[in-house]
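To keep things simple, chains are lettered A, B, C and D as they appear, and every chain counts its residues starting from 1.
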Amino acid sequence: MAYKDRLLPREKVFRDPVHNYIFVQHHVILDLINTPEFQRLRRVKQLGPTSYTFHGAEHSRFSHCLGVYEITRRICDIFQRNFPSKQNNDGLWDDSQRLVALCAALLHDLGHGPYSHTFEHIFHTNHEDITRRIITSPNTNVNRVLKTVSADFPEKVASVINHTYPNPQVVQMISSQCDADRMDYLLRDAYYTGAQYGTFDLTRILRVMRPYDGGICFDISGMHAVEDYIISRLQMYMQVYFHPVSRSMEVILSHLLLRAKELSSKLPTDSPSTPYMLMPFFNHHFDLKDYLKLDDGVLNTYFLQWCDNQDAILSDLAHRFLDRRPFKSTKYNGQNKYLIKSMKEIIKKVGYDVKYYTATNNSFDLPYDAYDPKKKHHTTQIELRQKDGSLVELSTISPLVKAVTGKQLGDERFFFPKELLSTDNNIEIFQPYYEKFQSFIKNDHIINQKGER
Amino acid sequence: MAYKDRLLPREKVFRDPVHNYIFVQHHVILDLINTPEFQRLRRVKQLGPTSYTFHGAEHSRFSHCLGVYEITRRICDIFQRNFPSKQNNDGLWDDSQRLVALCAALLHDLGHGPYSHTFEHIFHTNHEDITRRIITSPNTNVNRVLKTVSADFPEKVASVINHTYPNPQVVQMISSQCDADRMDYLLRDAYYTGAQYGTFDLTRILRVMRPYDGGICFDISGMHAVEDYIISRLQMYMQVYFHPVSRSMEVILSHLLLRAKELSSKLPTDSPSTPYMLMPFFNHHFDLKDYLKLDDGVLNTYFLQWCDNQDAILSDLAHRFLDRRPFKSTKYNGQNKYLIKSMKEIIKKVGYDVKYYTATNNSFDLPYDAYDPKKKHHTTQIELRQKDGSLVELSTISPLVKAVTGKQLGDERFFFPKELLSTDNNIEIFQPYYEKFQSFIKNDHIINQKGER
Amino acid sequence: MAYKDRLLPREKVFRDPVHNYIFVQHHVILDLINTPEFQRLRRVKQLGPTSYTFHGAEHSRFSHCLGVYEITRRICDIFQRNFPSKQNNDGLWDDSQRLVALCAALLHDLGHGPYSHTFEHIFHTNHEDITRRIITSPNTNVNRVLKTVSADFPEKVASVINHTYPNPQVVQMISSQCDADRMDYLLRDAYYTGAQYGTFDLTRILRVMRPYDGGICFDISGMHAVEDYIISRLQMYMQVYFHPVSRSMEVILSHLLLRAKELSSKLPTDSPSTPYMLMPFFNHHFDLKDYLKLDDGVLNTYFLQWCDNQDAILSDLAHRFLDRRPFKSTKYNGQNKYLIKSMKEIIKKVGYDVKYYTATNNSFDLPYDAYDPKKKHHTTQIELRQKDGSLVELSTISPLVKAVTGKQLGDERFFFPKELLSTDNNIEIFQPYYEKFQSFIKNDHIINQKGER
Amino acid sequence: MAYKDRLLPREKVFRDPVHNYIFVQHHVILDLINTPEFQRLRRVKQLGPTSYTFHGAEHSRFSHCLGVYEITRRICDIFQRNFPSKQNNDGLWDDSQRLVALCAALLHDLGHGPYSHTFEHIFHTNHEDITRRIITSPNTNVNRVLKTVSADFPEKVASVINHTYPNPQVVQMISSQCDADRMDYLLRDAYYTGAQYGTFDLTRILRVMRPYDGGICFDISGMHAVEDYIISRLQMYMQVYFHPVSRSMEVILSHLLLRAKELSSKLPTDSPSTPYMLMPFFNHHFDLKDYLKLDDGVLNTYFLQWCDNQDAILSDLAHRFLDRRPFKSTKYNGQNKYLIKSMKEIIKKVGYDVKYYTATNNSFDLPYDAYDPKKKHHTTQIELRQKDGSLVELSTISPLVKAVTGKQLGDERFFFPKELLSTDNNIEIFQPYYEKFQSFIKNDHIINQKGER
């Protein structure tokens, strides 16, 4: 039998707190999990600095990737049981697509590095691009395993992740507005943070999913389950992913890496204190091997060393990050954004370098979007299938979803050192400055002198 | 008001997936949590290599310590509501003991380093001793915070952890056969692994706990809840903590650190490849500052570097650990232990250094013990309080607990490379050796030539 | 000590699957639970015919009432711990209000009879009115227990349920848009049906509730928890409470009781087949004692007897109800409502009495409403408290809640016998009629001849 | 296609709080669920008077029967996927057995009447016998549905329930020491009571179950899951099923029915107060139709009527049952059983008829048993399958199970009116008698004059 179709003599399971068990039935899946490139994901946290706000959220990208694989596997099982293709192009599920779907699901986040969002911002890396390179580069173990299926299999898997694979059902399983990726991370992040907003009825959503020639749609009987998923997602963004304290820790991390990068040119090239695993990134010359050496622990190890660095700003920011001393923040809007300049001046007067000790940052998300011919980037809208087989777009019949469709939700915040909010007259000589600063803020929002937002 | 009694203007909460919320009411507790020494615990996994078996178990000692604090806080609340002391030595709860209990609960694991069990074994460190040093040494932030309560407060907290504190109720809250420490780790490890065996009825156990002059006892109406806790604990040991794959990864880790230590004398003292954060431990000269720099990420960073080391054994073991390639193992007993020698000889013949590629290891636990005047080390037995106020020891009335009382449960295993179990005649020239090796094993147990265990 | 303040020597607990434990601390509460009037609630299902759709939903009003009590008790505890009144009219929590709040919470549903909604509709009873009568009538055990607190205590408790009690905090605990009643039934109905939409974060909502002089408001930090509650409520209505099959069973029940009532005048007054426990209701002359004899089992017992009745319609409807044979239904709207007349004519032609075998029924709910001076009946809107103490109404800052504010959600349905949807040409002589009937329906909605809704 | 094999065009689901969804795929299963005989089970509580102790436990036998069906269906699926029979008598799973297994699972409790245990005791009915009669009698709807499969199908289904069906795998699915029946009721009763002791890892147990020629065994890798199930079962018996208050309510129910039976001969045969639905049972002449009319509500309706009966004992016991006023109780043993006579004399002196107001009652259960050639009735022991395919009996390798094997656990109790425990000297003229009575009891146990048990 071809390797491609080789099943394990007995299915293997991984105990998973979110999905109970993750079932592995194919040799190739087990071999992929056992590659060093995939095992590296154990050492990269899924939510990065969010664990500074929700201490339970210490799970890794490894767990999440297994979860996405498992949801995809269940979708394939249900599709094959209830909607098996009987002839070409009948819009039903062709189970020969299963393996490429499973591999793409498992590997879709393979290129994530430590503190991915911030790291990419500072070093101009791109995790999607790196994912594709790990899959298609002939030097990786992942590539070698995939090629045992067929010579063009790595490219196929990459094209699913790249959204260019011809079968839209396979692509939408992994990437659409209600896909295995999002469903796993919402459930998993809710479980590990302890936030209860992210839970929705996965079993029911899987039950109402069905293939059609344009991709994947949902039986109309499950509309409320899909609604609930959209709302849960919105709630997780507002409550967890956009939490001001996590964003504050990201600001510190970002400034810390920036400072290190700026100092790097002055570093001796070969001393114990040289962050040599980071040097390829400081110099913008890295290869896949350099990248695959990185994980959260490596970065933290350098941060620990930088705590003793003679550069006061580098040392202080490293301490703030490791010891969890976040900046404070306040919301602002377009009307009063101009006031930040005055606030920064006060911060400068009390002794801070505003380049490293202040920041503005916005977090916005589009909870759901419908197709709009005027827009450039088209997301796949959610289609509900009526009794007579016709499709109807979700927001046209759900008042709840309509209410959030196309709306960017989130806020813009200005970050600054905690001391600025001090209220203790007896101790601080800077107290008058602090009070001036505080007069710009009311109910967590910057206000002008008339007290208006 | 004295700092000691200062409560936060509004209680602060931490979202926790196990206890829902952790409530912080005292300034001193919040200040302790914010020390660098306590924040370091975020970077040390609670279960070490167990996450290689149960991938969800990625939680840190930080989470566990908050959990032990919270259970202790709830016990204090219940004791104060239902059993407040009215006069000295009435055997009821004296709420002036609350703060020392809470601090000891929070800090009891402060001295744990990375991969604690294995690290201690190789480098002869002792986490309990280090916990006490962090608390009592004048140079730590923890000590400074504790001293704001009173000059002798650090010593008091240390003495609770040390079991020498005069009030047995406080000591038993943190350390006894049914204490806040064990209750949190069972629930937490069960939650994060996804194993369901560790769950028991915490609310009910807290409800039947009560203080008496000898410490803490349990109302007899809660006997079954206590039984259930004992059995859950036993199940977690058998199913999770003693899992052969986790122990196998510990064996690899242990041999990896041993090899590095042995090679360390030959290392150049000042090169990028020198593991200088580990050198104090290789040399058995470390101070508290050296120790507090260590975490899982630091060790893993060295392991990543060792993957490229020219020493083949160091490099191979580092790869096996990071890439998760465990040894296989089999049970043995006293009768057939002698056969391991022959098995090792085969392993040697196929090319392995048996010092690094084999190991024996036993894991035993005493699920419950009653007082026995003949024994040297006395554990605190569990006492049930009858309607008339008299106490009765748990195992005397619970047949279930009696069945496990004083019994060491667990097994002894012999570890070896996976290849030895190969069954594929076509590929391996060593196949005859492998077959000989396999003739020593049946049903996961070493057997002699007659097929007997 | 006055009875009013007498606490039980040790608090008593009831194991509850939703709240884990229900804690009873006052003698008067325990005595109320033990009255026959309250115990009767064990024999009245909380959700009536909904258990025909969600078979797990077999819980009683007894369980729900305990749950409302428990949530109220927790609110009192939190208010007393965090916001205790220090002087008259300071807008904080006066704990002398605790007992009246607890009693009102426990007793608020005391007057519910069997299949309350339908029963009231047919027999023109009113459960709120009966609740007040049970509390204030001198002949009930409940009244006797309440009077041991003080002579005017029954009237006080009744006035809380009646919304005329002077303290708005007490009234709003039991009755407002986010009260103990609704919070318990959402959580409980979700637990027993197995629907996951009804869950929300009770602990967090309780934590952000706070008293003010106008009643109860919520700290703005808990806005998302309140949002989630509103949405959960909406989902439960759409998914569970408005389920077409449950409404269909209610239609059958309603017609069955109607038929029995119409036949009752012809019944012999004293035969074994006379439903004499129902006669006072058929005759519109009942007293409290008659009412308190009724429960689900009594009604079902008569239905069992009516199965053998010589009146074919009574017998058939009784069978349909007990054996769960619901009508089918389809949605309609104002535009095509007129078509129902034609559909009824077909139903008549195939032999059914349309008075008993068809029905129209609408189910609408207002998920949330804000104060509107133009409206007659004012609901209490949800107020969020900002950092500076000012209040802001929920829908003004939550886009999600704004989307559903003031909107009636639900549908109108036309019910008819299942046979009308038959598609089997071979068996039924009425098949041409059935096909004509079916031409009025598409995608679960009545359409006109052009196929339009 | 034969009716037997007809699958529903689309599988139907029932939302279930314990199993999430119950999947119905066969026409015959859906038709069985829709029979009046099966729907009757909605009106019979699973746990009878236990809901007086655990108020949440209001679930019906209907829910349980669906649950047993669902577990059986999952076992069939797993067996068919992993262990499909390839030739006759190969000891693997023959999927042509699926339908008989599913029907037997669904119908195994069909003959249960209201308050089954007590009812059978008083009226000498037998629910197992009645189950068989409902299945095989030509006049029931259940029989008619089953016969559409084949003429001998009802007998086949009955023989599975009767343990005489030739295929031991099918029999053991429904009835053995770890079967679908027990697994469902433990999980369900735990869910509805809120007791947490009954939970175990169903998914894992199903995963390690496998067919063999002697029936069903378990892979040795799942030993701890099976252990956990045994212990959970033991805990549910000790904590829930044997709860003294539930047993006390059963005593009252039993005495109430006994009194009614004794009075029945004196009743007028045709008056509104005649319990004519019970008369066939009072007279020991009932047919299936009489039996199928009974449910909890019918009995409760008579109890409500008896509250006004002129017989003081009948009326009082009816009130005690409906209003939940249990007797108190105390444990005794063989040594001091003789003292009950003296205690009864006191009870008589204070005015009670000891025949109706006292009782002795024991509750014992055998948590697990292994085969013992000396015993008459053989239970099926639990067999674990080792790597080499050989079987080993559970208690020989599990110390935990060995500890409870063959042991009857439980207690004997003496029940009496609550007043006997009164301690209030001021009110009761019988107080000296009460005190004498109380001198027989210490720590919930009867003691002799020396204070010994």
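Worth pointing out:
Going forward, a contact is a pair of C-beta atoms (placed from the backbone, for glycine too) under 8 Å apart; a residue touches a chain by one contact, two chains touch by 3 or more.
This is a predicted model, so every value here is computed, not measured.
On a Cα centroid basis, the chain most remote from chain C in this structure is B.
Here chain A and chain D face each other with the same set of residues for the most part; over half of the interface numbers are shared between them. Look at where the CA atoms of chain A average out and do the same for chain B: the two points lie 32 Å apart. Centre-to-centre spacing of chain A and chain D amounts to 51 Å, using the average Cα coordinate of each chain. Taking the mean of the C-alpha atoms as each chain's centre, chain A and chain C sit 43 Å apart. Looking at chain C, one finds that residues 20 touch two or more other chains. Interface of chain C with chain B (complex): residues 10-11, 13, 20-21, 82, 203, 207.
Remark: chain A residues 14-18, 20, 34-36, 39-40, 42-43, 51, 54-56, 58-60, 62-63, 66, 191-195, 270-272, 274, 276-277, 293, 295-301, 304, 319, 322-325 touch chain B in the complex. In the complex of the two chains, the chain A residues touching chain C come out as 196-197, 199-201, 220, 224, 227-228, 231, 234-235, 238-239, 386-388, 390, 399-400, 402-404, 407, 409, 442-444.
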